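All remarks here apply to the structure that follows.
Per-chain numbering from 1; labels A, B and C assigned in written order.
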Amino acid sequence: MSETASSFRENGGVRGWLGRQPIWVRWLLILAGTVAAFLLPYAEHVPLIGPQIVTEGVDWSSALFEISYYVLLALGLNVVVGYAGLLDLGYVGFFAVGAYGTALLTSPDSILYEDTGWKWLMAVPVALALTMVAGVLLGWPTLRLRGDYLAIVTLGFAEIIRIVATSTTTLRGDRGFASIPHPPGSWGGEPIFGVTDAIPYFWLGLVIIILVILGVRNLDRSRVGRSWLAIREDEEAAEVMGVRTFKYKLWAFAIGAFIGGLGGVLFAGEQSFINSQTFVLQFSILVLAGVVMGGSGNMAGAILGGVLISYIPNRLRGLSVGDTDLYEYRFALFGLAIIVIMVLRPQGLIPSRRRAMELKDREKEVAPQ
Amino acid sequence: MSEPHQETPEELDRENARPVDRPAPTGGRTAEPPAETVRDEDVLLEVDHVTLRFGGVVALNDVSFSLRKGEIFGLIGPNGAGKTTCFNAMTGVYRPTEGGIRFQGESIVGKKKHEITRGGIARTFQNVRLFPEMTALENVMVGADAHHKTSVISALFRLPRFWREERSGRARSLELLRFVGIAHRAGDVSRNLSYGEQRRLEIARALATNPTLLCLDEPAAGFNPAEKVELLQLIRKIRDTGVTVLLIEHDMRLVMGVTDRIVVLEFGKKIAEGTPAQVRDNPAVIAAYLGVPTDAA
Amino acid sequence: MDFSGLINDFGPLTVTGLAQGAIIALFALGYTLVYGVLRLINFAHSEVFLLGTYACLIVWGWFGLDQNSAPPSVGGMLLYMAVGLLAAILVSGLAALTVEVIAYRPLRRRNAPPLAFLITAIGASLFISELVGVATHRNQKGVPPIILAKPVVTIGDTTITNLQILIIVLALVMMFALDRFINGSRLGRGIRAVAQNPDSAALMGVNKSRVIALVFLLGGLMAGIAAVMYDLKIGVTRYDAGFLLGIDAFTAAVLGGIGNLRGALLGGLLLGVLQNYAAGLFGSQWLHAASFVLLVVILLFRPTGLLGESLGRARA
């Protein structure tokens, strides 16, 4: 028994097995997984397992929607941290820019409402363009900095966004923006994206996630992905080989910002209300924790991480230890999880093959001592 | 081609010959027409009175020489003579304190490293610096990407240019792997390649940037004699495709066997320039090289 | 913008800024010491400080003191100050050591990439501050009036309180002592050796692990003192106090030249004063935004700070 297990591992585990299957088997599995994801809102009807999965303290479909935008954020941050190797601690800033961009263009509370007062869908491209601009504006001066300094400056960027959102009258601080319109569309006379049912939002989130996965995969398997990897492995050698390192780092930032902004517009469209309380710094760090736990540099890992950081707290909600709701401890638990994972399994739960080898190489360097 | 015999300096004693403050010799150069008479259109790269200081240390002192199109050019000197410094100035890593460096008539001082590479100067590193977790093929493709125009947008949407360049880049990279003789390792992660294969891969990666000038920084370091012979053949093969080769070497025998012309540096100064035969007979060079083991790297 | 506010309150803003800056400087020492030796931003240092702000409050609580107590007599004040400082120093020092042993040492043994350290540091920081947050229900906690701020010196419109003088003097004394320790003692020589060249220091018989532990401990001690000063000056603490002031302290360290002890002092004082000017100009909610903007500007134009980096070289 243990022998077969170890030989399974030597052959690359699940991924190795998957790699050896004919292409149609792989496609079938992916298709089955996608269908299963779309059916998740009905999980409670599955006998035995269903009731264990479903969250108790929170509406299950709302919890699923929350998972969808966390996964988006994890995918976006994975481009920045996992692919390009840039530690961005202020990622929530882009989420905020996307959400505030939408709110400013659509909410009746906005000072722009007289001139714009747009529908959600019209606001989306503008809000996304705004986030990309924010990404470039932040990246332009800072991407020349050393990695650890970059981390602190991005942290500062997110704090400044939060302070601006809290302290300026235009962004309304705590009062926030209400009545942000929902996404368009109707079915049998009823709007698809209503107030009570979060399932359509979850499906919308899933569709966006799939598009993002395809897009990032296309980039990864092109000169863009090669350039990112080259920069991560040896930045100077990459430059000497003609890679425009700054340009590709900036692109990673802009693409990450774009995906974060997508999460923001989706969030604003579902919640219909945002204020400055939403964008606390712990949020950025939580997403980073997700990417690192799942396995940075690997999309499957990032997705798993995004699911974990949003699902576990919601699952904990309503469960209590003594008189404290376990949900209260969520950030503390993820803080602990980060330490444990970095100490015991730095490559993450589903590591990128390359990342795992990079770490092994470094270990070997010190081994002989 | 067999290697010409030479009085190997390593046979001489190291201790009795540290030259001190010798004026730059002129002997050996007078017999031949001076290098400056080379016709302009033949000059590929011109190092023009370059001085490079780090703080108070003068790493290069008023060094001038030029490379002609299509030759194999050797830059040699004992350890610490300024070879690698010179090399780094030519590839944009350092900026000369004084003087100019012109490539195909255009100054490259102050240009970015990737611009210099795309302009036609490619290099390898003294201690191999591949992208260790990429396959051999991917490593070469990074070099081939230097001349690709696929934008992020066309990569994202898989536009025709992406397919065209990806296909041609892959074909060219495979061809280069075959050219340096490691095509069978194309799909292997480069850290798993043997040392010799890694050195060849680095050359293939540099060639993939379509250089006019290929700079090799001690490519034979750590090679056994058989491997060195193979390397010599490869360097000649590269020259035969029309690429000018600049070779920085420690190993005198290797340099003598393959180069058309040589410049010798010592203590940051040029002490000799000429054909291998001229340089070999130059007393200043002999003095400078006394006792320096050919395989010190 | 309120220029008249800045000009009218220039004196008070400067004095408040200096006192604030002295606390920041002591706090910044922890970042600078660890960075000087390990080239590591000890992100969890802010929580070392946070625990210090609570440690003295808890001990004062044992004496029955809370924010509504009457101010103690002079003898009581001295006693309370002594035990408060002792408690904060002990807790902060131990916390710093614990972070090093649990979060960093295993990574160092494995030669993990630099970003891995930063990520565990963030994890440690989040863990500690959130535990404190949950334990205190995210409420702020008031500080008993151990020392009542009384104006003792008046220059023109500017009054300087006894508390401000105490903070500034204490910070200067601690700085001086630390400087003497690192430059004058055997252990200090070990620290400098490891900062300059870890490998050759190890060959020379310096115990690297012990030096690193010592550096964390020293940073923790200084943060403990800063924490007590902070409590007395601000009057309340909260679970995120460490994080917010930590950013300032890190900025101060970078401003002065991270890894450089005197740079931390200069950077701290300068930052405290500039922050207060910015608050006078734009309103106090912009205080932290100002320090971030300053940080970015320094990193872009003078990344080695005012006095230059490196623990070893700066005093040579």
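The rule we apply is simple: contacts are C-beta pairs under 8 Å (C-beta built on N, C-alpha and C of every residue); 3 or more make two chains touch, one makes a residue touch a chain.
Just so we're clear, the structure is a prediction, and the values are computed from it rather than from any experiment.
J.: If you check the contacts of chain A and chain C, which chains show up for both?
T.: none
J.: If I average the C-alpha coordinates per chain and also across every protein chain shown, which chain's average lies closest to the global one?
T.: Of all chains shown, the one whose C-alpha centroid lies nearest the global centroid is A.
J.: Measure off the straight-line distance from the CA centroid of chain A to the CA centroid of chain C, and report it in whole Å.
T.: Taking the average C-alpha coordinate of chain A and of chain C, the gap between them is 33 Å.
J.: Distance-wise, how many Å sit between the C-alpha centres of chain A and chain B, to the nearest whole number?
T.: A distance of 45 Å separates the two centres.
J.: Between chain B and chain C, tell me the centre distance in angstrom, where each centre is the average of that chain's C-alpha atoms.
T.: 52
J.: Quick check on chain A: which residues sit in contact with 2+ other chains?
T.: Correct list: 358.
J.: Quick check on chain C: which residues sit in contact with 2+ other chains?
T.: none
J.: Considering only the defined contacts, which chain A positions touch chain C in the complex?
T.: So the residues of chain A in touch with chain C come to 85, 87, 89, 141-142, 145-149, 151-153, 155-157, 159-160, 163-164, 166-167, 281-282, 285, 288-289, 292, 324, 328-329, 331-332, 334-339, 342-343, 346, 358-359, 362-363, 365-366.
J.: Enumerate the contact residues on chain A facing chain B in the complex.
T.: 215, 218-219, 222-224, 226-227, 229-230, 233-234, 236-245, 251, 255, 354, 357-358, 361
J.: Quick check: in the complex, which residue numbers of chain C touch chain A?
T.: Touch list, chain C to chain A: 40-41, 102-103, 106-107, 109-116, 118-120, 122-128, 130-131, 133-134, 243, 247, 250, 254, 283, 285-286, 288-289, 292-293, 295-296, 299-300, 303.
J.: Show which residues of chain B lie in contact with chain A when the two form their complex.
T.: Within the complex, chain B contacts chain A at residues 91, 93, 112-114, 117-118, 123, 125, 129-134, 138, 141-143, 145-148, 150, 152, 155-158, 162, 165-166, 169, 189, 191, 205-206, 209.
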